[in-house]
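Two complexes follow with subunit A in common, the first pairing it with subunit B and the second with subunit C.
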Partner chain A sequence: MPLDTSTYSLALLRIDGRRWNDLRRLHAQIHTQDAADGSSYLEMGHTKVMCVVTGPAEPQAGQQKRGTGGGGQAGGQKDGASIVVNVVVAGFSSVDRKRRGRNDRRIQEMEITIQKALAANLHVHLFPHSTITVSLHVLSQDGSLLAALINATTLALIDAGIPMTDYITACTAGSTSSYAAGDDSADPLLDLNTQEEQELPYLTVATLGDSDKVAVLVCESRVQVSRLEGMLVVGVDGCRQMRRLLDGIVRQKGSKMIKEGAVQRSDMMAVSLED
Partner chain B sequence: MPREAEPSLSERTFTLQAISEGLRLDGRKLDEFRSLELSFGDDYGVADVKLGKTRVLAKVSAEVTVPFPDRPFDGIFQITSELGPMVAPSFEVNRPTETEVLLARLLEKTIRRSGALDTESLCLVAGQKCWSVRVDLHVLSADGNLIDSSCFAVVAALRHFRKPDTSMEGETLTIYTPAEREPVPLSWLHSPFCTTFDFFGEDGEIVLVDTTWLEEQLRVGSCTFSLNKHGEICQISKLGGKPIEATLIIQCAQMALAKVKEFTDLVDGKLAEDAKRRDKGGLMAELSAENER
Partner chain C sequence: MAQQTLLSPAELAYLHSSLSLSPPIRPDGRTSKQFRPLTAETGILPGTNGSARVCLSDGTEAIVGVKAEIEKTVDPLGGEHYQEYVKSASGVGGGDAEADRSAARGEWLEMTVEIPGLRDDDAGTVFLAELLREALLADGEFAKKLWINRRFHWRLYLDILLISPPLSYPLPLLSLTTHLALLATRLPRLKSEGDEDPMFDDDWEAAPFLYPREGATTGPRPSITLLVVAVGDSILFDPSKEELAVADSALAVSLCEVRTQREQGGMEVDSGRELRLVSMRTIDPPSRLTPPGVPSTANLAASGTSDTTQQKQQQRAEEHPQEGVWKAPLGGTRFAVLDSIMQAVLEKGGVADEVLDGLEGVDLA
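What follows is the complex of A and B.
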């Protein structure tokens, strides 16, 4: 055990001073890269990721050679665009400098997860014979990595103007005591950092928009099945908070673009320029 | 890259229409498994699992090696699966497809990461000698639900396996042949099993278990739960696909728990049967001087 969180029950404060339902500081920017079709930068606490979206574009030769992209669908199919996701974890992103190859199964699994979640959410049928490439770069890891990747992807896709059903937002939820302790007083926790992730059971959940619909649910730790419900409820609620935050960022950027004259103001826009 | 043949339009429409009316092509109920057959080989640690037309064979082997330098007190435990062209024409050798990556990750999370096998018990001499237990998974024929059957086969094989007995006297380590000393089972802590739920329909509101290959190709999403009979979740993975109501997921977890208890009883029953078959006459036969002459 790397640390002791048993002090939680005394003050109900977590290791970094948050309450059980507090998200970490979220900082996000969209349109960070001028050259890209869509890009975003997202920080959830100390987890920092960058996303660049290219496309929808004509599929490049040799792009479908890799197993993870496309998800069994070869690029440029006639009934919709294929989505290719690449995740690159920088060597300096975590405490111990570890070289992760292209064939790391954990990263491949994350790529497949994001790709499949997007495939069900984007209106790919509008872009037949094309490819949407999502490149994700992990600059710093401090827990909730998959959640941060999904959130950054959503922002970048909005920037790229690819039509989608709704935001896919994600966050993690945990439980205060480990699986061994059978006590019922365990509190659910929201948005875990690395220290908490190493010690406590947690799951990553991604939902579609404001609904209760779960697009991604990944749990890798041992936990009593009775705790699942509590953790899931807190997770889904966290996703809703996350959606509000991301929506705020998108709207802020939109009104800024109108003020700067980059985009024409139209009556169709539900953007208030006051704030 | 060869691609899997997609079901034809009429097949697709027919199957989906039937499922929306609560019917399946093979006449099962929506929450009914195909008959699950488990048989053990003559050697210890071979399990052959048949689930309808899906057939999976798991073989466990152990050898003495040097432990990893960063984990001197742990033995080595690995699960290898290779899906070749024998399974389906779309699988190629040495090029892991998405299915294979996900299957390997799932087994890793369910069995290895959940600590089902006590790897510390595989250590013989700290930092110098340890057992390396390896499970080879062979998929002989695939007709849907590879994940559940593979996980079942691996757990059954590991529980059936016996490794040679060893003893330490001072500095010398002795490994006994099966003739000298009866081999010993692995130190097994809990048995996790996978149950996969597949979602159909416009909003993914129809839930099926144990889908065939055809149904698997038509699903809109899936979710795999790994639990043990004590009600501990070892892993959940719903990797993308159509968004599903959270309440449905909770219901699935409860159904998975009931299913896992059935699986556990099945494996326990088969292991007891196999032990009885091997142990002819028990201690009295050992002590008797008579032989077949």
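What follows is the complex of A and C.
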């Protein structure tokens, strides 16, 4: 079903009633599963993903091959942990049931993108001869899938306590008119859903912490180069908003753990426990 | 499938002997028929026809989503006979619906299991999916629920996701999650009649459940599959990973509850459930792959000498198992063990009753 983009200019409201720079509702939980070293659940609108992190652990015989396939840590067993990312897209996640095998190109590309971003961000040199396995499950998809996966991975890695430089937060940004319209004055949009993704050019951007350092940038659609800068600026700004939200969730969980007595309170903690 | 436990032969022997005591002493202090606690919820994914999530107390977690699609029924034999059958039936208008329903086929249910870190065409995964599918279809009533009319039927896709790494053999977890998801499954209400193209009520609230809830609910409920292991003479339900590692044999027992209406107007108020054993399958326990222990009499490193008498002793030790020395179990399951498993499962107030009572406590969204 084609998306009617012509109404946007009338009220400056998108199809789901958001303004151009509104994120969808974000809901996230950390430590959703007791058996795993780290786990998280993240909802961005109707996109729902789960992440389970295992490790750093001794590499298993079967995993070693796949981990090196993604480049980055190839042969890096001696001086750092290798990172293995598995994405499983559930058959029931989209509106029409579609089964995607493990060898699906899109899924493999997402795996490699996440793996490379993590390899640069995590302090893997602290864990030689080991593997960090990140398995991601997509339960429901409605746009911004890669962004949701990256955000969920960040939360799960924080839960697992694996040292990293900073949060990697991701977000999508698009443009209000299609490539064919050739409209150079098109406004940028933040956080697209499936309908918008199918119709409009968009990119996924992930940044490191509060800085403007771009960790991941994926753009698979045709877009005029003049529009790219605007989209990128909006995307990076969205990542900053996302970081604030995720940080809030992590802090909330942390203060809850201290209140429950799961963690000893120490003088070194800079967490304010007022709320 | 289940990860190999890192237990030494001495540990295995110790575990085996304490489990074969009467009553058995289990590492986590449970009785032989006691299950581990679990948390469950249903209706977690609004985008599916039915969904459920179950977390076991050992931390393993599974999610099941059910999706239904309409499909045109094609003739299984590809002949004119079927066309005639459709025509004649539509001419008469109606006919015997029960007889038509028997044309339902098991292949309308499709099942997949996804386990992280394993290939999706892994033999173990495929076996697991087929085991669960077979147990569901074995009652012969399930496929009939998918029948719409002579020309159309529902195709049901059941996708099982194991979220956690496979810490123990995930069969009971997946089976319980599937059971709950099917109980929470609803299909749109049919508005059209007879053999015309199906039309459905778009009010989701009016959609009936695949397995009706209240009132006169008769017929079988979705089956559950329990894992039972035999160690020596004792039978253990819901084995943990360590217990599975010393099991003499492991069995997957599938059973379903059949609700019958009692219309005799008798005095019986308590309508007890009728349990039906659907299938029983042996599963290759990981204990078959454990290395054997060496008795100290045959241990050359301990005695330091190796003469012919000792070699003979060693041979004898290999032939006859010694008390306290681990040896991987061989052979099948004794009939007495099978019999007592069936007894324990099917008796009134037995294990199956307990599990089904527990599952009934789950709030179905």
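As a working rule, the second predicted complex is superposed on the first by the 265 of 275 C-alpha atoms of A that agree within 3 Å, B and C clash if a C-alpha of one lies under 4 Å from a C-alpha of the other, contacts with A are read in each partner's own complex, and residues count from 1 in each chain.
Simple rule for what comes next: a residue touches a chain if its C-beta (ideal position, glycine included) is under 8 Å from a C-beta of that chain, and two chains touch if they have at least 3 such contacts.
As the structure is a computational prediction, the values presented were derived from the model and not from experiment.
Trainee: Is A:Ser140 contacted by the first partner subunit B, the second partner subunit C, both or neither?
Mentor: Only subunit C is touched by A:Ser140; subunit B is not.
Trainee: Of the two partner chains, subunit B (first) and subunit C (second), which one does A:Ala35 touch, if any: first, second, both, or neither?
Mentor: second
Trainee: Which partner does A:Val95 reach: the first (subunit B), the second (subunit C), both, or neither?
Mentor: So A:Val95 only meets subunit C here.
Trainee: Which partner reaches more residues of subunit A, subunit B or subunit C?
Mentor: So, of the two partners, B touches more residues of subunit A.
Trainee: Pick one for A:Gln224: touches subunit B only (first), subunit C only (second), both, or neither.
Mentor: After superposing on A, A:Gln224 lies in contact with subunit B but is clear of subunit C.
Trainee: Could you say whether A:Leu232 touches subunit B, subunit C, both of them, or neither, answering first, second, both or neither?
Mentor: first
Trainee: Who does A:Gln115 touch here: subunit B (first), subunit C (second), both, or neither?
Mentor: first
Trainee: State whether A:Arg25 touches subunit B only (first), subunit C only (second), both chains, or neither.
Mentor: neither
Trainee: So in the superposed three-chain picture, is A:Arg106 touching just subunit B, just subunit C, both, or none of them (first/second/both/neither)?
Mentor: first
Trainee: Please indicate which partner A:Thr207 is in contact with in the superposed arrangement: first for subunit B, second for subunit C, both, or neither.
Mentor: Once the two structures are laid over each other on A, A:Thr207 reaches subunit B alone.
Trainee: Can you list the residues of subunit A that touch subunit B in one structure and subunit C in the other?
Mentor: Touching subunit B and subunit C on subunit A: no residues.
Trainee: Which positions of subunit C touch subunit A when the two form their complex?
Mentor: Interface residues on subunit C, with respect to subunit A: 45, 47-48, 51, 55, 58-61, 63, 65-67, 69, 112, 114, 116-117, 119-120, 157, 159, 161, 163-165, 167.
Trainee: Applying the document's contact rule, which stretches of subunit A touch subunit C when the two form their complex?
Mentor: Going through subunit A, the ones touching subunit C are 33-36, 46, 48, 50, 52, 54, 60, 62-63, 86, 88, 90-93, 95-97, 99, 101-102, 133, 135, 137, 139-140.
Trainee: Quick check: in the complex, which residue numbers of subunit A touch subunit B?
Mentor: 64-65, 67-68, 71-72, 74, 103, 105-106, 108-109, 112-121, 179, 203, 207-208, 211-220, 222-226, 228-229, 232-233, 236
Trainee: Show which residues of subunit B lie in contact with subunit A when the two form their complex.
Mentor: 1, 3-4, 90, 95-98, 101-102, 104-105, 108-109, 113-115, 220-221, 223, 227, 231-247, 249-250, 253-254, 257
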